[in-house]
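We call the chains A, B, C, D and E, going by the order they appear; numbering starts again at 1 in every chain.
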Amino acid sequence: MSLKERVANILKNDLLEITESKGDVCVEISRQTLVNALKRLKEEGGFDFLSDLLGIDNSDLYAKPKKKKKKTEDGTEQEQEEKGPPPPRFEVVYLLLSLSTNERLQVRVRVPEDDLELPSVTSLWRSANWPERETFDMFGIRFNGHPNMRRLLMWDEFQDYPLRKDYPLEGKGEERHLNYNIA
Amino acid sequence: MAKEIETVCITTGPTEVGDYVTLNIGPIHPAMHGTLRVITKTDGETIISAKPEIGYLHRGVEKLGENLTYSQFLPITDRLNYCSAICNNVAYEMAVEKLLGIEVPPKAQLIRMIMMELARIADHEVCVGILGVDLGALTPFFYLIIQREEIYEIFEWHHGARLTNSMGAIGGVEADLPDRFHEKWPRMRDSIRKANDDTDKLLTHNRIWMDRTVGVNAFCGDDALNWGFTGPMLRACGVKRDLRKNEPYLLYDKVDFDIPAGKHGDVFDRYMVRMLEMEQSVKIIDQAYAMYKELPEDAPLMKKVPKILRPPAGQIYHAIESPNGELGFFIRSDGSDKPYRIKIRPPCYMVYQAFDDLVKGEMISDLIACLSSLNVIAGELDR
Amino acid sequence: MKFQAIHGEGWLLTKAEQLINWGRSRSPWPFPYGTACCGIELMCALASGYDMARFGAERVAFTPRQCDVLIEAGTITKKMVPVLKRIYAQMAEPKWVIAVGACACSGGVFRTYSTAQGIGSIIPVDVYIPGCPPRPEGILYALLKLIDKIEADHPLYKQRSKVVEALEAAK
Amino acid sequence: MPRRPVVQKEYTLGERVYLVEIAKGLKLTWKHFLFNIKASFRQGPHTVPTCWQYPEDRREIAPIFRGAHMLKLNDRGQELCVGCGMCARACPAKCITVKRGKPAEGEEEKYAGKTMSVVFEVDMLRCIFCGNCEKACPKGAIVLGQDYELAEYEPALCIYDKERLLANFQKAKAEGRLKPPPKPIPVDAPPPKKKVAAKANMAVKAGRKQGVEKQPNEQKDKETS
Amino acid sequence: MADWQIELIKVVFIWAWALIIAVVMTWVERRASAMMQDRLGPNRAGPFGLLQPLADGIKLFTKEDIIPERARKILFVLGPPLFALPAFSAYAVIPFGDKIVIGGKEIILQVSDVNIGFLFILALSAIAVYGLVIGGWASNSKYSILGGLRATAQLISYEVPMGLALLTIVLLDGTFSLREIVLQQQGTFLGFLPNWGFFKQPLGFIIFLVAAYAEANRVPFDLPECESELVTGYHTEYGSMRLGLYLFGEYVNLVTLSAITVCLFFGGWSLPYVDMSKFLGPVSYGIASFFVFFFKQAFFLFLFVWVRWTVPRFRYDQLMGLGWKALIPLGLVNLFITALLVQLTT
């Protein structure tokens, strides 16, 4: 049984979409079923190791007019997407790994811009702790149930979310000022 | 990959009730490697809690990657784990090659392997040396750093830089092994072993060293997996997992080497795993070099790639075993010449987030020992 | 014989100045503010291969009170800027700063939202070393340049003019 | 609260009493001490074999070391740079400024190409010495030399203008420290073999025309394959 | 020359000599450590870098003197001299040679032959702790105070084994005067060994040496400074010459401790098997005895350096454990056995 089929068997109805690019299987599931689905993947599917967790801002990807029409799988897929209403702006990808079979699986969840919240998976994998904080720091996606939802890399007073596509690379001239009263 | 070595774990630690002294360690502190900061609560010398704060070296590498072309980003990867820049280079190159769907010629793969293992030795040497320095034994550091200089010399003669190597290019490597390597390797193998022996003599069986390291920050294997540990840290906890064996890349499946593993995941085991891995790396280089010699001299080094890379749309994740553990590159391409999103999975990021759990209930001196043995490199931690 | 520390005049004080400069230039204790890649090369410069200790730059202490030369090796991010300012303020006079590497000099390749574009605008820098990172030889060369600078200094004359200024201000 | 494995490690008697292992360690450091003391009485600046006394005793620098930039002249003393700006585009740090121009009347002899660079500045403080400019240059005009003594008191002095870059080349030439021409990289490509040769040539020295022509071809190859 | 003049000359000479050894020691430490670590060490200031300590001194003297705003100012100033001076004073009772006859006058090479010289040294070394503690506390910095606390606990608990080890020597030789002890240690023991404390009390010697290392804050017992943990420990906030005094005091301490070691365990100025006074003139004998003492002392000074660059450092609780659980019981047993033997043989 191939990885795709196995994953489809486990996720059943929760599975929204399954794609493959260069051998990396990517599964899309919805926000509501996220923790449940990941739990099943962990327990039934054997994906017991969370490699990483990352956010992606898709605003540029959909805004950009296609210059070339490509005949690859992904290209046609994206064109189909373009026809409908614009998909949610953000997306969070969970990189799972099965320690027994050494297979990797990407799980992605889309998060709309007006409701930037996701359930936290720190109860499943403690390794999601900092990556979730970082995703909050960089994209502003909040994770409910996270023990310490604070900025991680930027300082606390920082206002913007730097990895969003509309934030300029060179920043907006923020400076850090410190009052030295360490509580 | 289940745990192969069984250990008994018990729950211990201080209770977080009472009035304690807050001690801020870092970011400028001799043991904090320049940019790490830990805010500890201490009861006398015992640590009640230790909250690491990171981001003091957050340079926006991922954002920068979205604004540079694929080949321009290669030099930036040097600056992630600067102790073993070559591993970063190769990891990135391999990720892009996976995206492009090309496979590099075997000779290039062998050169990459040799250089990566040299970088691994260099990285472990620094880690062990710094661990020694932080525990008060300065001399081994100097013996190891000399070996590192020799390795640097080979890097310099191969691709023209000592530390930030920018080795190779997407599609292969640009230069054959330098004459220096052919001349030096037989001697260097011995001198690397000698430096390790010297370190071993000065530290391993010394009671003071053992008291400082054995049983300090011991960690359970299943906890380590849950926290996302990889690399020497995980192996020290008794889980034999190494991407070079588990998900072989390059020609690692054709060479014969062992995975050293510890038992308790304490500082001593981490130190021993690193020491033994250096030995294994020497073994790998020997085998790879033998394989290299069998190839004809004009065997191709590069796969033909266009000058401006425009990988097809898609998203991939590729990970290799860097000296610190699983170093992964997640790249999403939208078909343009710049990556749409690059995410780096640094190995020590996952390890360092468990720091509070690692040092709780130990003493301040152990915190220092623990931090050095984790080999947290701020460049890849904060990116 | 004039007892004035004006440059070129006053034999005794010129000699004293020379003596002070000799002492200072031969014992520049470094503060290794190594934050990133350049820190590793700085480490190499301090270690056996190049041995910065030959110039008296030994006794690496991480407390700013005891050091003379702040060797700023590595990127300074905006989050780090206040720390750097404070460390510099805590150092005792006379103090010098060497900026090692592209990141410290100008921000280098990291023209990004979180990186300070060079430390020259944050604290006064005496010697800039280009390179990413510079070779240990490059760092030693900069140290030698700094030593030249120290030797050409007029510590007592400066002190005197400070006193004179203070007196005039008091009047 | 963390879980911790129970660590039980048996110490051998030698380990238990401290002194045996410390004595072994003392023996080792003593050996190094004696060796280096003897070595330090040798003649010449390079006494202790593991220590290079920098200003007097320099390490051999690899000919391909990526140090300070230089602008090359050809054998007839003409500038190779045509001011195309490929280097500036390839630079990840954006530290190169090039302005293209036509040589002034009567000065055509000074330049190898029909155009030249009016301004060519490298901001050494920004530069990360990655060598991308060198790889990108179609004429092989900009090269990273071996110079590593680049420290300056003023940041302004670290911005190398064209004269400085040419002077770097003259200096390196006088000292015989020029980089050897790059070896052609054996490329694994499908036949016909003509292309391999062309690519190899290009790495050394190739006309701009060839380069421009080749690029779309290559891309087409890539896309169809 | 009047007696007081001779005394004055002796005092000045011994202070200067201790100073010079301490200064040279800083150079030896740096060069020797460099040699052990395959590098060269400071060699630019003067020939072989010999003027390096001078350069450091000049620099430290001309550096800005900072007293932190929230420090206890008087104590902050008092700390360094309180640390450096007792070590100097302890040198007064150390016999650094036998005697010299100049102009028919017999001069003892010792500033003052106090009959309780032994207790004097113990008392002074206890005072030196205050220098560290006061410095650590007055700085108003957490690292400093941790260093000061460690210093207190460490130095107090190692005072006990040191005293126990020294008591065995007192038992054997039956005197508190250092000069008397040295005189007792001439001749042979068991017929073939020199009659030194080292051969009569090997265990006592080891306990004493370990305690001496702890007393001098050297690796593996340098916890009050502890570069990597406490930045620089008790003198984190000190700069300029105050720091210089601390660093310098450490070396004076070494000089004193190695002198005591030589006196108590290695027969002072005497050579084994050979009686120098028989074939040397009165003046040359005095000088020779002085240099014999010096060379013995130099060996222990080098040992301090040698061990420092070889071993890692202890952890705080392990250090206390070693002191209380190993050295003190051993010292007590040793003392008991020695007492028994002395009782039986006399």
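Annotations for the structure displayed:
Rule of thumb we're sticking to: a contact is a pair of C-beta atoms (placed from the backbone, for glycine too) under 8 Å apart; a residue touches a chain by one contact, two chains touch by 3 or more.
Predicted model only: the values in this text are computed from it and were never measured.
Any chain bridging chain A and chain E, meaning touching each of them, is among B, C; the list is complete. Contact with chain A and chain C alike is made by B.
Within the contact network of the assembly, the step distance from chain B to chain C comes to 1.
With centres computed as the average of Cα coordinates, no chain lies farther from chain E than A.
The highest number of C-beta contact pairs joins the chains B-D.
If each chain is reduced to the centroid of its CA atoms, chain A and chain D end up 39 Å from each other.
One inter-chain figure worth recording: chain D and chain E are separated by 53 Å, centre to centre, where each centre is the mean of the chain's CA atoms.
The mean-CA centres of chain B and chain E are about 45 angstrom from one another, to the nearest whole unit. Between chain C and chain D, the centres computed from C-alpha atoms are 28 Å apart. In chain C, the residues touching two or more other chains are 47-49, 51, 54, 62, 79, 83, 109, 111-114, 132, 135.
Residue positions of chain D touching 2 or more other chains: 22, 25, 28-29, 32, 50-51, 53, 59, 92, 128-130. In chain B, 29-30, 55, 58, 60, 63-64, 75-76, 78, 139, 142-143, 146, 149, 164, 202, 206, 208 are the positions where the chain touches two or more neighbouring chains simultaneously. Here the touching chains pair up as A-B, A-C, B-C, B-D, B-E, C-D, C-E, D-E. Residues 1-2, 22, 24, 54-55, 58, 60, 62-64, 66-67, 98-99, 101, 225-228, 241, 246-247, 312-317, 319, 326, 328, 330, 332, 334-335, 340-341, 343, 345, 349-350, 353-354, 382-383 of chain B are the ones that touch chain A when the two sit in their complex. Per the touch definition, chain B reaches chain C in the complex via residues 27-30, 33-35, 55-61, 63-64, 75-76, 78-79, 82-83, 126, 141-142, 145-146, 148-149, 152, 162-164, 378-379. The residues of chain C lying in touch with chain A in their complex are 78-79, 81-83, 86, 111-114. Partner chain B is touched in their complex by these residues of chain D: 1-7, 9, 11-12, 14-18, 21-22, 24-25, 28-29, 32, 50, 59, 61-62, 64-66, 90-92, 128-132, 135, 144, 183, 185-190, 199, 215, 218-219, 221-222.
In the complex of the two chains, the chain D residues touching chain E come out as 19, 22, 25-26, 28-30, 32-33, 36-37, 40, 47-48, 50-51, 53.
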